[in-house]
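Please go over the structures that come below.
Next come two complexes, and both contain subunit A; in the first it sits with subunit B, in the second with subunit C.
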Partner chain A sequence: MKVTIKQWTGVASWKWVANDDNCGICRMPFDGCCPDCKLPGDDCPLVWGQCSHCFHMHCIVKWLQSQPVNQQCPMCRQEWKFNNK
Partner chain B sequence: MEETADYKKIWTLCEKIFPILNDFNTPCNDEEPFLKNDFEEMCYFMKLNGLQDLLQHLVFNKIEKRLRDEVVPEFWSNFKKSDKKGFKPFYNAIKSLYDNYRKFETIIIRLELLRQATDIKVNPYNERNLHEALKLILHSCLLGQLQADYQTVTTSFYEAALKIEDIDETNVNAVCVECSEEKDNCNCVHFFQETNRKIGEMGFLEPLVGQTLTNLSYNYILNHIQKTCKDNYDSFISGLEKWLHTVVITCLKKIYYFDSTLSLNESMEMFEKKLVNYLYNSYTKVRIDQLFNIVIEYPESLPALEDIRLCLPRTDLKPLLTKKLQRAMETRLLHPGVSTTDILTAYVATIRSLKVLDPSGLLLETVTYPIHQYLRSREDTVRCVVSSLTEEGPNDLAEELNRAEPVDENTPIDDEDENWESWTPDPVEPNPTKKPSKDVGINRRNVDIISMLVNIYGSKELFVNEYRTLLADRLLSQYTCDTEKEIRYLELLKLRFGDSHLHFCEVMLKDIADSKRINQRIKEDSEYDENNIQLSTMIVSQQFWPPFKEEKLELHDTVLKQMEDFTKAFETLKGSRTLCWKNHLGIVNMEIALNDRTLNLSVSPVHATIIMHFQDKSVWELEELSKVMQCPPTILRRKIGFWLSHGILTEIKTDVFSVQEETESQTVTQEDFYVEEFESESAMASAQDQKEEELQNIWSYINGMLMNLDSLSLERIHHMLKMFAFQGPTTECTQSELKMFLSRKVRERLLIYSNGLYQLPK
Partner chain C sequence: MSLKPRQVDFNATWGAIRDTIRGVITLDHVPRTTWNDRFSDVYSLCVAHPEPLADKLYAETKKYLIDHVAQLLRKVQEDGDQNLVKNYFHYWSQYSVGSEYLHSLYLYLNQQHIKVQKMSDAEIIYGIVDPSCTSQGDQMEIGELALQVWQSNMIYPLGQRLVTLLLEAIDLDRAGQPPTIPLDAVRGTILSFVEVQVYKKKSQLQLYVELFEGRFLNASGEHFKRDAALLLQERDVSLYMERVKAKIEEELYRARKFLHASSLQKVAHRCEQHMVAEHLQFLYSECQNMVKYEKKKDLSNMYDLLKSVPNALIVLVDTVFDHIKNQGLSAIHNLQGDSVHINFVENLLTVYEKYKELIKEVFKSDQNFMGALDKACNSVINHRPNEGRSPCRSPELLAKYCDTLLKKSSKGISESEVDEKLTKSIIIFKYIDDKDVFQKFYSRSLAKRLIHQQTQSMDAEEAMINRLKQACGYEFTSKLHRMFTDMSVSSDLNNKFQEFTKQEDIDLGINFGIYVLQAGAWPLGQAVVTPFALPQQLEKSVQMFETFYHNRFNGRKLTWLHHLCQAELKLGYLRKTYVVTVQTFQMAILLLFEKSDSLSCKEIRETLQLNSEQFKRHAISLVESKLLLSDTEELDENETNLRLNLDYSNKRTKFRITAAIQKETPHEVEQTINSVEEDRKMYLQAAIVRIMKSRKVLKHNLLIQEVYAQSKVSFVPSIQLIKKCIESLIDKQYIERTPYSSEEYSYVA
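Presenting the complex of A and B:
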């Protein structure tokens, strides 16, 4: 017997490779989107700080804008720096 | 004694002129002449002695006695012979009565002469003249001795007459229906007219046969309506009215033509009103009896509905209509033998057709109340609504969705402003089933079908949720990327339910479109190597899809390898993201080449994995395969059954399977046949599973609550859960569901229930 697979259509769900499930700011799942967005994934990406914490990009940007003096990570209070990995 | 002699002489004269005075047994022969001298002498004497009034009185007394004792009993005796049906008895009765009447008429004529000669002022019975008085006596005698069943005779007479008149029935054969004579020899019509003339002349057409004629006409009309309307939903009312005038009323005119008491116009006008009213009434009733069928046949039955709409204001049958239609619905529609789809179709037809009858929608609301109640009790209603909304092919609901303009709350107000002159208030009728709901009342006129269906449940969420599950199922089972249609539907639904409710579905559709693009990009990737298996993937955003059914399955290594490669390619394409494969979901298009045949199949991944393992090793034990595939043996056995049924595998001994390279003779060998596996299992977790999962989530809340607050009532728990826990897209839990869940926990001894309060065990 010879079996030839002509076409295999599989199903997979995508997920962010992050150390947590939910965004520490908006408490929404990373695989979802921040409260301002409608579409997850490319339209509502995650960003990592050098402190290794990550958030929805929109969330952390909003947070940083609301901090006039020190730009700190809301989780560990270290200075926030984007980790461009 | 001369005076006595004179009296005697005069008496003889009187007897000669009015023979009835003498002996009422002798026939009063009108031929018998009397001498003018005799008459004059009598008149002179009467006048002289003032006896003229007495004489007139005497004569009338005699006439009355004779009528009462002799003529009328004889007349009615004709009616007693009930064995004689048809034409003759009544004809004969009238004939003899009329002959007698004529004789009395001659007496009356002589009395008239007497009155002129002697100047009598007194009118017997205060009638206008003697003829009227005679008729009055005749009527009173006749009706005084009325036979209980006289109507059977008159009815059979007029029935026969109608039969003769009815063109349809006589046309068939050239023989008269009544006397079985040849048409040319038949005198029936003549007899009939003669009888009518006689009755008319005697002036008791209306008192004697009026009721009979009315009844007959009614029956005739009813029969005609029933015959016309049977299984035919065209518009008939104008035709029927015309028919009434040309056939029934013409026929009645022929009869009433002879009526001497009333003028033809007067009597016919009365009759006509009565008949037209009856026509409308019975037509509406017939239609109401058929209404359920008419509703089902909509729109073919639109003319009939228009008829009912016209007739309803002229009759008083609206309550009857409501009652009958409701009962028909209950007996024919709302029972377990009817599928939900059929009920929905009928419901849609009802909505449409009742809108024709009553644009205000009040009637609709009343009639459909039981349907609402019933549909609410069916589990698959929402599913049916959603699937028929998006189904292909001719379908009321899909049409409705396509046709629909968005329901805008502002439009009805404008509408009413423009037509304020033609505005009519809602019909007033007692409506015990109606709930006092203000917002429904306002928009009742403009509610469209889909909103009505959705309103059965009173919640958009439930409806949208069901749509989401169906959409997910469809997207995953078709595995085609043709989302255009779905997007169109989604847009249409969005118009109705608003963006926010359908946001999840939008993401799902976007996932499909994105997957297509990503697949293409990955295939173009030079590092991605696709020599083993052509793999394409539906990449879904799990947060937005309904939960998938979880099943464990280890795929074949070649596939796993391909998936790994695919994942790697994906990871490079989309930084920081990875894929979680749902091994058991998907569809595999494969070709199986055996020694004597080749098969093309579309199967599920489980089936594909099984057959791929058999390719590596042609004999497997169930246990062994189950370990490799990490699939429970019972389930695996069922899946293998699919291949057994295709004749590719055989069970050589218990739980040992092998490839069957050559078909045995009994199976028909087909060179290349395409089989699509059609297992209608949903890829989604069933609604019950989902609910269960939700309730499990709730359990932690409840636990926490009870820990802090010690003991709580059911209402309190439900209330608090509503505030804190029920916020996801699907969570909605009624108090009764919660109660069931809690009592299960009580049975599992995780809770204590006492005095209506729940507590955690210490």
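Presenting the complex of A and C:
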């Protein structure tokens, strides 16, 4: 071998892949954060429901807490279940 | 004797009292028994039966005092003018002490008979009745009466003559000639004008001021004028200031020697008025030169003289401002070479510190001058060359300066020195108007340092960010903080990935590390993702990591930024083994030479699928580092062949050839500046919407003012830009013009 790789440091960037630009609850962009957070990214993650709708985690949790019965997706009124694929 | 009121023969008792008074007031010997007897005589007169004789006693005493003072007046004048002051002082000393004793002798009368008639302090101070008219008509305590008699029967007839003589004596003292009147007589006489009014509750200095001080100040004023005219003949400003300062000192000393303390200020003021304020133009004439050559002593004299004259400092302050500004501009003028940024910051700091020190030493850190320093630094640092047409480079240079300090390569400087230099750079930072431009450049260089593992120490980095945060607030550094968070998240991720590979028993074939960055937080430039065929040695690592990442994080898309990756290669084909740090594209090129020592550029480019710009840059860097040899002078991607340099040698066995690529290109600089412009528009629009949302309706000028105030922290917006932003918000229907006035906007909910 003329040249061997001792060490490689890769650099990658990540962003959310959601089916919409904005959160359906707070109307803020997914690239940003929910109104209660200051920094987007790991501190303000997105979550998906089994209905495939996507929200800021803080937004949907708040929504679900405000619904004593019938925890539904605010977009399609199906029963809300977190999608942990 | 009995205290009981009884009948008293006034004439006999008064006769006895009068004899004693004569002894008391001339400070003659009065036996104690006599004193005691007279004391009770006063008592018995005051309480006499059938009718108290206090009023009669008072009247007789007053008459006696008037006679006595008239007698003294004759004696004082006996020797003519040359002994007038001396005699006056002699008799005054006697009389003033005597009158105090007399006051004690009449204690009963004072306390029982007169106090009752007098008003309380409060009544006098809050002025129910004018005290001067009552005390004139009514009876006074005996001590006060005595002084009052002295004032009207001695000072009134003699006053003007006395003062003339006193002024002559002071003039003699000024001229440095031996006194013809003893000094204590001069001082005592002057102070007698105050002491004679010591009983007055209000304006005790009235007589002193009216009789003496006014004439004294006028005479002194004339004297100062003459003196100033004399000094001016020398036509030497620094000598003049020297003399005037000495003169003021001297006059204050004299005033302390002769006058009442209340006159000190007035004397100094007169002196300044006639010797400084009336000759400002003369003083200013040398101002320019003194500042230019930084004559500390002269400047400090100038400051001392000018500071008490209202508004006189302005010219000096302006001159100092101009001087600092010129010095600053020439310190950063025509900087050239690779270390422009270092020279720029350090020269400016030298200027700043020099003049701060000067102002502290010469002008006692006077606020006016500190303000001038601030203003000068501000205009130097934000100076735009070519009459304002070229952009100001300070933010860029300062960011570069910080980069140099924080980078690994800054050798020979200890950590504490770096720390100190960074702390000082904040001084410059605070003066920068376009702080957002600085932030752009700083975040770019920080990103490069972090990604290319070139930070000297994380502590230093964080300390610097905290300094910026202190100066500019949380929002300004939040992006920088996010970059730091990503670094620690990444190292965590690396550990987890290593565990994962261990568990799954996967051999990646190489040492693998990774930084996963949040897309929005890093200044990575827009879409520089170039097509690239990954060398097969890396494929497994990339694939495994992607699988790992997608399992852990739902809904995230990874984009590899190959132009930022770097690798350490071991070169085994040369006489010595070298370890070299290269960039991914450089590595990919080198890896292709495994099978052959010579390849055409076309071949390489096609195998790697790089675009021609990227390819050229990296190939040239390899040629320049002499690892590859090119067979043409200019690298042409269709014709040139590249060969491995098999004779390559380097003193060091470990080195990096990434530097050339990581350097900022002029193109990047321009890009950075352009992106600032865009950011500013966004920032201003957001600010306008925020303001309008809370105000609902606002006049144009007020809106501009508020926007200006909000954005001042990070940059100084041009009014034009704000107007443009308002226009575009009207187009987007966030706000509208109110129907009544075109100068007013309202928020559209």
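Everything that follows uses one rule, which is that the second predicted complex is superposed on the first by the 71 of 85 C-alpha atoms of A that agree within 3 Å, B and C clash if a C-alpha of one lies under 4 Å from a C-alpha of the other, contacts with A are read in each partner's own complex, and residues count from 1 in each chain.
The rule we apply is simple: a residue touches a chain if its C-beta (ideal position, glycine included) is under 8 Å from a C-beta of that chain, and two chains touch if they have at least 3 such contacts.
Here the structure is a predicted model, which means the values were calculated and not measured.
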Inset, instruction - Answer with first, second, both or neither: which of subunit B and subunit C does A:V3 touch in the superposed model? - result: both
Inset, instruction - Examine A:W14 and indicate which partner it touches, taking first as subunit B and second as subunit C; both and neither are also allowed. - result: both
Legend entry - On subunit A, the residue positions that both subunit B and subunit C contact, one per complex: 1-18, 31, 38-42, 46, 48, 85
Legend entry - Interface residues, subunit A side, partner subunit C - complex: 1-18, 31, 38-42, 46-48, 54, 83-85
Legend entry - Of subunit C, residues touching subunit A in the complex: 451, 453, 478, 481-482, 485-486, 489, 510-522, 524, 537-538, 541-542, 545, 549, 553-562, 564-573, 579, 584, 587, 590-591, 593-594, 644
Inset, instruction - Give every residue of subunit A touching subunit B within the complex, in rising order. - result: 1-18, 29, 31-32, 38-42, 46, 48, 85
Legend entry - Contact set on subunit B toward subunit A in their complex: 476, 479, 503, 506-507, 510, 514, 533-545, 548, 559, 562-563, 567, 570, 574, 576-583, 585-594, 605, 608, 611-612, 614-615, 618, 648, 659, 661, 683
